[in-house]
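Per-chain numbering from 1; labels A, B, C, D, E and F assigned in written order.
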Amino acid sequence: MTQVIKPKLIDENGRRLDGRGPTDLRPMKIEVSVLEKSDGSAYVELGKTKVYAAVYGPKEAHPKHLAIPDRAILNCRYHMTSFSTDERKILGMTRREIELSKVIREALESVVFLEEFPRSAIDVFIEVVQADGGTRTAGLTAASLALADAGIPMRGLIAAVAVGKVDGTIILDPSDIEDKYGEADMPIGIAPGSNTIVLLQLNGKMTKDEFKQGLELAQMGIQKIYQAQREALRRKYGASVTEV
Amino acid sequence: MSFLPLKERSFTVKIMSEKIYKLLQQGKRIDERTPYEFRKITMQTNVVEKANGSALVSVGSTRILTGIKVELGTPYSDRPNEGVFSVNAELLPLASKSFEPGPPDERGIELARVVDRCIREGKAIDLEKLCIIPGKLVYILYIDIYVLDYDGNYFDPSVISAMAALATCTIPKYSATGERVEGEYMRVPIRDVPLSSTIGIIKDKLLVDPCLVEENSLDTSIVVCMDSASNVVAIQKNSPGHIPLSLMESIINVAEEQISRIRTQFKEVIGIEKEGREHC
Amino acid sequence: MTQVIKPKLIDENGRRLDGRGPTDLRPMKIEVSVLEKSDGSAYVELGKTKVYAAVYGPKEAHPKHLAIPDRAILNCRYHMTSFSTDERKILGMTRREIELSKVIREALESVVFLEEFPRSAIDVFIEVVQADGGTRTAGLTAASLALADAGIPMRGLIAAVAVGKVDGTIILDPSDIEDKYGEADMPIGIAPGSNTIVLLQLNGKMTKDEFKQGLELAQMGIQKIYQAQREALRRKYGASVTEV
Amino acid sequence: MSFLPLKERSFTVKIMSEKIYKLLQQGKRIDERTPYEFRKITMQTNVVEKANGSALVSVGSTRILTGIKVELGTPYSDRPNEGVFSVNAELLPLASKSFEPGPPDERGIELARVVDRCIREGKAIDLEKLCIIPGKLVYILYIDIYVLDYDGNYFDPSVISAMAALATCTIPKYSATGERVEGEYMRVPIRDVPLSSTIGIIKDKLLVDPCLVEENSLDTSIVVCMDSASNVVAIQKNSPGHIPLSLMESIINVAEEQISRIRTQFKEVIGIEKEGREHC
Amino acid sequence: MTQVIKPKLIDENGRRLDGRGPTDLRPMKIEVSVLEKSDGSAYVELGKTKVYAAVYGPKEAHPKHLAIPDRAILNCRYHMTSFSTDERKILGMTRREIELSKVIREALESVVFLEEFPRSAIDVFIEVVQADGGTRTAGLTAASLALADAGIPMRGLIAAVAVGKVDGTIILDPSDIEDKYGEADMPIGIAPGSNTIVLLQLNGKMTKDEFKQGLELAQMGIQKIYQAQREALRRKYGASVTEV
Amino acid sequence: MSFLPLKERSFTVKIMSEKIYKLLQQGKRIDERTPYEFRKITMQTNVVEKANGSALVSVGSTRILTGIKVELGTPYSDRPNEGVFSVNAELLPLASKSFEPGPPDERGIELARVVDRCIREGKAIDLEKLCIIPGKLVYILYIDIYVLDYDGNYFDPSVISAMAALATCTIPKYSATGERVEGEYMRVPIRDVPLSSTIGIIKDKLLVDPCLVEENSLDTSIVVCMDSASNVVAIQKNSPGHIPLSLMESIINVAEEQISRIRTQFKEVIGIEKEGREHC
C-alpha cells in the first residue's frame, strides 16, 4: 500500500517517455479486410494499442420489433479482451465499455447513410486486443474503415485521435501512462471530408486556450491518420477509393 | 452492445427542426426563451432525511433527485490517503415513456459517468479530508441520481443536484484512530463547484438547455463542464450528428456564460460555507 | 456487535414515540398530477414516508406476444431509491420489491376495467423516495390516484394503510421503528366503494381477536385516507370527481 | 417490473367459475370434495440423503420437494446470538407448462417469502440454539423448496414440506469453542409447527386447497398461516380480486380448522420428538 | 486445510467401496408417467442418483422468431437441486449444467423426428434430485423415456451409462466418489436400436485399449438399462411398446 | 435452458452433405484437401505484451487469440499444494454472424470446458510448481480464449493457442516466503502438451478439421484430445447426430495421427525448453 509517485512525463529536451515529441503520433499500422467471415473489417495499431473492427450487415433487424421503418439501426459494441489492460479486465461489459460503445456508435451514425436501408440493422464490433491509450479513437478509426470495407455507403471516413495535457504541455496521442498521470485526455473523432466533429469527450482540466490548442493539434494528427486510412483502402481496392 | 435508441428522425421531426432553426435565426425559441436562456431552475436540499445529503433540482419540468449515503470502507490501494465517491444514475420509468425499468442502460451509465468526471476532474471534493486512517479507513460517498421527470436536458440539473447534495451533506465524525466522535458531524469538504451547460446545435445556431421537443429535433448536442475558474473539466458530445469545427469556440464561450449564471444562483440558494471552499 | 435493545414503543400515557395515540395516522400530504411527463401521477407523504406514483397508458403492449386479446395487461413496479432506507439499498430490484410489485399490481387489477383496453398495456411505476413504514400502502394509495389522474376507468379508488401490534397494542399506521420492534405488521388495501379487501398481508403474530381489531382500525384509517384522496382529486379537477 | 401473468380470464374461465360456484352452493366440488376438504396429503422425509433434511409432500397431484443444507457462518450483526435461515423456492418447469426455466419469478419469490414469514413469525425454530459462538459462528440453514408437479395450491404443501424437512433435519454438532464434536449430530430445535391453509373465494363462498382448475376460476384467494395456538402468524392475499370484508371472519375460522387437521396428520407422520418442542 | 487422501477404490477381492464388482450396475429403478402435469415424464434411480425428466410439447415455438420452418426446436435443461450434491450447489445454472444441457439435447435431437413438427417446440426438463455419479446419463435415460411417454415419435430410445477407470481398472457406472478419485470418467449414450453413439464424453486419462474396453463395458451396461426402460414402458403401456 | 441453435438442416444443406460425401468416397474435399489433412496452421506467440502469455493461432481462416493473465491467490482447500488455472472462451461476434454479443452461450462454455479438461487431464501444467506457500499463496492462471474469425473447427486451434500461450507464459517469481524476487521471472512449468483433433463424420466416412461449410453439413463430429503418449485425455461429441460404434476405432486412430503431426509443428514453432518438460 504505497502512494504511487507520478513519473516525469516530459524530459528537459521536451521528449516523452517513449521518445516522442509532443506533437508526434505513435507508429501506426492500418489494414482492411483482415477478418474473413465479416462483411467488412479493419485492424488499427497505434504503438501498443491494437484494435480490430468488424461489420455485419446491412441485414434484417432482429428481433423485428426493433426495426425502424425509414432507416437502418446501427448497433455498436466496443469491447476489450480480459488481458488487454495492465490489470485483468473482468469478463462482460463494464460501464466504461457501454459508454464508449454509445459515443462511438453516435459518431458512426453521423456518417453512415442509414436511410438507405430501412428496417435493416448494421452491427459494428470493436475488439481491443491491447489497450495502451487511445483505444476508443483507434476503435472508431477502425470501425469507419470496416464500414467502408463492407461497402456501406457513407458521407466519408472518420479519423480519430486523442490529445492530452501532461506536465502542462498539450500532446498528441497520449499513451496509457500519459493518460493515467496526465492532467487531461481529450479523444476527438472528425469527419475530415466535412471538417466536423463527430466524437468529442474531455476528461481532465484544460484552460479555454489549451482546449483550443488541443483541438488544433488533434486536427493535425487526424490528417495523418486519415491519409493512412486512405492508403490502407488503396492497398486493398486500388486507386478507385481516393474519393472516400 | 449499444443499440440505437428508437428515436425516429421522421418527417415531422425534420419540420420541427426547421421551425426551431427559423426561430433561432430570429433569436427566439418555441417556449418563448431566447437561445441562451435556461428554463427556471429551482434547488431544494435536505429533502430526504434518511440520506446524508439530498437535493431536488428542477430545470423547467425536468426534475432530478440526488441522494448521498455515506459509508466507511477502505481506500483504493493507489490512493491510500483519499476518500472514495461513486456516482450512479437511474432514468426512472416514471420520468418518461422512453425510459424502461431495469438496470441503467447506456444513457443512465453515460449520465453517471459524465457527472462523475465533472466532480472528479473539477476537484469538487477534497478527498484527502475524507480519509480517516490512511490506507485503512475512509469515507465512501454513494452519490445516486434519479431522474424523476424528464422534459429534456438531464445533464445540467443532475450536476447541480449532485453538487447541491454534496454541499449540504452531513457525515458522522471519526477520530484519527477510527472511533466515532459521538454526536459530532462534519460537512463534505467542498473545494470547488463544477457545473455544466448542455448546448444544442442546429446547423450554425446554438441554444442552451434544450427542452424535450428541442432535444428530439437538434442536429446534435454537447455537454460542457467547467470549474469556477472557467477551466473546462469535462466534455461529452452526447448524441449523434456533426459539430462544425468552426462552432467550437462559441460553444465554449456560451457554456462559460451559462455556467457562471447557474453558479451565482447556486451560491445564493445553497449558501455554501466559505471554510475550506476556495473557489465558490 | 451488540444485541440491539428494543425501545419502549408506547409510554405510560399511551403515546407512541412520535407522540401519536394508537389510532392516529401520521400527517398526510396527497397530491395528484405532480409529474408532467406521465399520463397520470400522484405523490403521497405519510410522516417521513414519501412516495411517487406515475402511470403510462393505456398503450400498445410491447413486445406484442405479451398482449392479451380481451383485455389490457397491467404492469407494476414498486421501487425504492438507494437512499430511502436507513441502510443503503442495493441498486436493482430486491426480492422484497418484486413481491410488493406483485401484490400491489394484483390490488390494482381488482379495480381497473382492464377489459376496456384489449391488447393494451398500462404501466404503473411507484418510487419510494423515503421509507419510514407503510411504503407499500402509501404506494398503492398513490398508484390508484395516478390511475384516476390518467383517466383510466376504475370501479373506484383504493385506499391503503398498515396496522401493527406494538407492546401488545394494536396501532394504526406504524412507522419504521414500530414495524421493526413491533410484534406484527398488517398492510391492508381496501376499495372503499365496494367495502372489499384488495391487498392483505400479515407479518407477525396476532390472536384472532387482535386480527379482527386490526382490520377494524384499518378501515377507520382508510376512510380518512380516502377522504384525502378525494380532496386531492377535487383540488385538481373540481367537484366533478365526487363520484369516484 | 411485475408483469401480469398470462392467465386469460376468458369466456370458458367464467363458465367454469359459475359451475364451481353452483357446486359450492350445494356443498360440492368438481373433484368430489366438500368445500372444506383438502386433497389427500402424503409426507415422506429423508428422501435426499445428501441433504441434512428433506421432505417430499404431496397434496393431491401437487408435489413439493424441500431440502435443507446446513453450513456454518457468521450471525447478523443485530442478532449475534441467533442462527440464520434462508428460504428459496423454485417453480420448476417440470411441474407446469406455466412455469418457465430461469431465476425465480415473482411467484417463486412470493412463495419463498411467505414460507419464510410463516417459519419466522411462527417461531418455528429456536434460533438461539443454532448459535455456536455468539457474534462469530452460527448454523445457517438453507431451506430450498422445489415445486415438482403443480396441480394448484403450492403454498400449503410447501409449508408442510419445509416444516417436515426441518423437523427431521440432522446437523453436525459443534462445541461452544467452535470445534466439531466428531460423530455427533443434533436435531434442529423446533419450537412450533406453523402451518398454512389457502382459501379460495368465489362470490360469497369459500373453498380450501384449490386444485388447478379451481385456482384458475376463483375470484381471489388468500393464504393464512397459524401457529399451534391458533395465532395468525402470516397472511398473504396472493391473487387479484376482491375479498368482501364480511368474509374475513369465516376465512380465519376455516383456516384454523384446516390447519388443525393438517397438524394432527403432521404429528402422526413426522413424529416430532417432544424435547424442546413446546406446542406441537 | 488438509490434502485429501485418495481412498482405495477397489479392494484385494476386486470389490468396489459399495460392494460391487467392476462390471456391476448399481440397483436401478425406472418409472414413467411419474409427474401428472407434464405431457410425458420419467424417474430414474441408479443407486443414490435420482433424476426426474419431464417433457412439454410439441407446442407452438415461443417467441415465434425462434421457430424453424421445417422442424421442431428441441430445448433441454439439465438442472440440479441445490441439495443434490455434497456441497450446496448455487442457485441458477452453472457452466457445467449449461454444457450438459447441450450434450443431452444433442443426443435427444439425434433420435426425435423433429421434422414432423415444423415451427414447434419440444421442451425437455431434467431435474437431478440427488447426484451420486452418472447424473447426465441417468438424465438422458429418463429424458428419452419421458419423450416416449409424451408420445413423441422417435427412431428409438436412448440408454446411457458412464464407465470409469479407478485404481487402473475399467468399471461400469462409477459412483461420485469413484468419479472424484478415479483416473477417468466416460459417459456414453447409445441408441440401442441403431447401435450408434449419441452422447460421448471423456474426462480423464485412458490408453487406446482402455478406451476400447470401456466402450464395450458401456454397451453391456446399456443393454441392461435398455431392458429396464422397456419394462417400465411395458408396465405402463402393456405389450404394445416392445417395438420401441 | 439449452436452445437448439438456429442451424437449419434445410434442403441445400442435404445437397452439400451429399456432395461432400461423394468427394470423400474419392478421397477428396471441397477445398482440395484430402480427408485426413488439416488446413494450414500458423502459430504466433507474445502478440499481446500486456498479457503474461499470449498466442494467435490460425487453422485456415479460423483464428484464435489466447491470452493469459497471472495473479496471486489462495489454493483450493482440497489442493493446498497446487496452483490454479481457469479457462474462459468467448465466441466474439466479430468472428461470425452466428455469434451473438453477450456472455458466453453454451458453445463458448463447452469450448472453455473441453479445453480445460484437455489441459487438466492431459497434465499439461505442473501445478505443484505454481504453489508459493502451501495452503496460502499460489499462482492463478486465467487462460482466456477469443475466437476472432470463425471458418469451422474452433476446438483444435483453441487447444493449440492455449498450449502455445502457456508454453511461452512468463510469471513474476516469488520466494517461498511469499516475497517478490525483484526482476526475476519464471516460465509456466509445462509437463506435457495435450492436443486435440476434431473429426467430422458423414455416414461411414471421416474427415479432420472441418471448415465451416463442411461443419454445417456433417452428420456429427467429435473432438479427441491426446497427450504426447497417445493417451486419450478428453473426448467430446460436440454436435447432434449418430456415430456408428463401428467407427470409433478409426476415429481414435485418425485423431492420434493428426495430433502427432500438430505436435511436431508445435515443437518446431513454439520451441519448448526441455527443462521440466518430460514428454514433449
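Observations, loosely collected:
The criterion applied here is as follows: a residue touches a chain if its C-beta (ideal position, glycine included) is under 8 Å from a C-beta of that chain, and two chains touch if they have at least 3 such contacts.
Since the structure is predicted, the reported quantities are computational estimates derived from the model, not experimental observations.
Shared contact partners of chain C and chain E are A, D.
The most distant chain from chain F is C, comparing centres defined as mean Cα coordinates. Distance between Cα centroids is largest for the pairing of chain A with D. By number of C-beta pairs in contact, A-F leads over the other of A-C and A-F. Chain B and chain E have centres, each the mean of its CA atoms, that are 57 Å apart. Chain A and chain E have Cα centroids separated by 50 Å. Averaging Cα coordinates per chain places chain B and chain C 32 Å apart.
Our note on geometry: chain A versus chain B, Cα centroid distance of 26 Å, whole angstroms. Contacts with at least two other chains are made by residues 63, 77 of chain A. Listed for chain B are residues 1, 101, each touching two or more other chains. Contacts from chain D toward chain E in the complex involve residues 47-51, 54, 61, 63, 65, 67-69, 71, 88, 90, 92-97, 101, 103, 142, 144, 146, 148-151, 212. Residues of chain E that touch chain F in their complex: 1-4, 66, 68-71, 73-78, 95-96, 98-99, 101-107, 109-110, 184, 186, 190-191, 194-208, 211-212, 215, 219.
Considering their complex, residues 63, 65 of chain A touch chain C. On chain F, the positions that touch chain E within their shared complex are 1-4, 6, 8-10, 77-81, 106-107, 109-110, 112-113, 117, 121-123, 135, 220, 222, 227, 230-246, 248-249, 252, 256. Within the complex, the chain A residues that touch chain E are 62-64.
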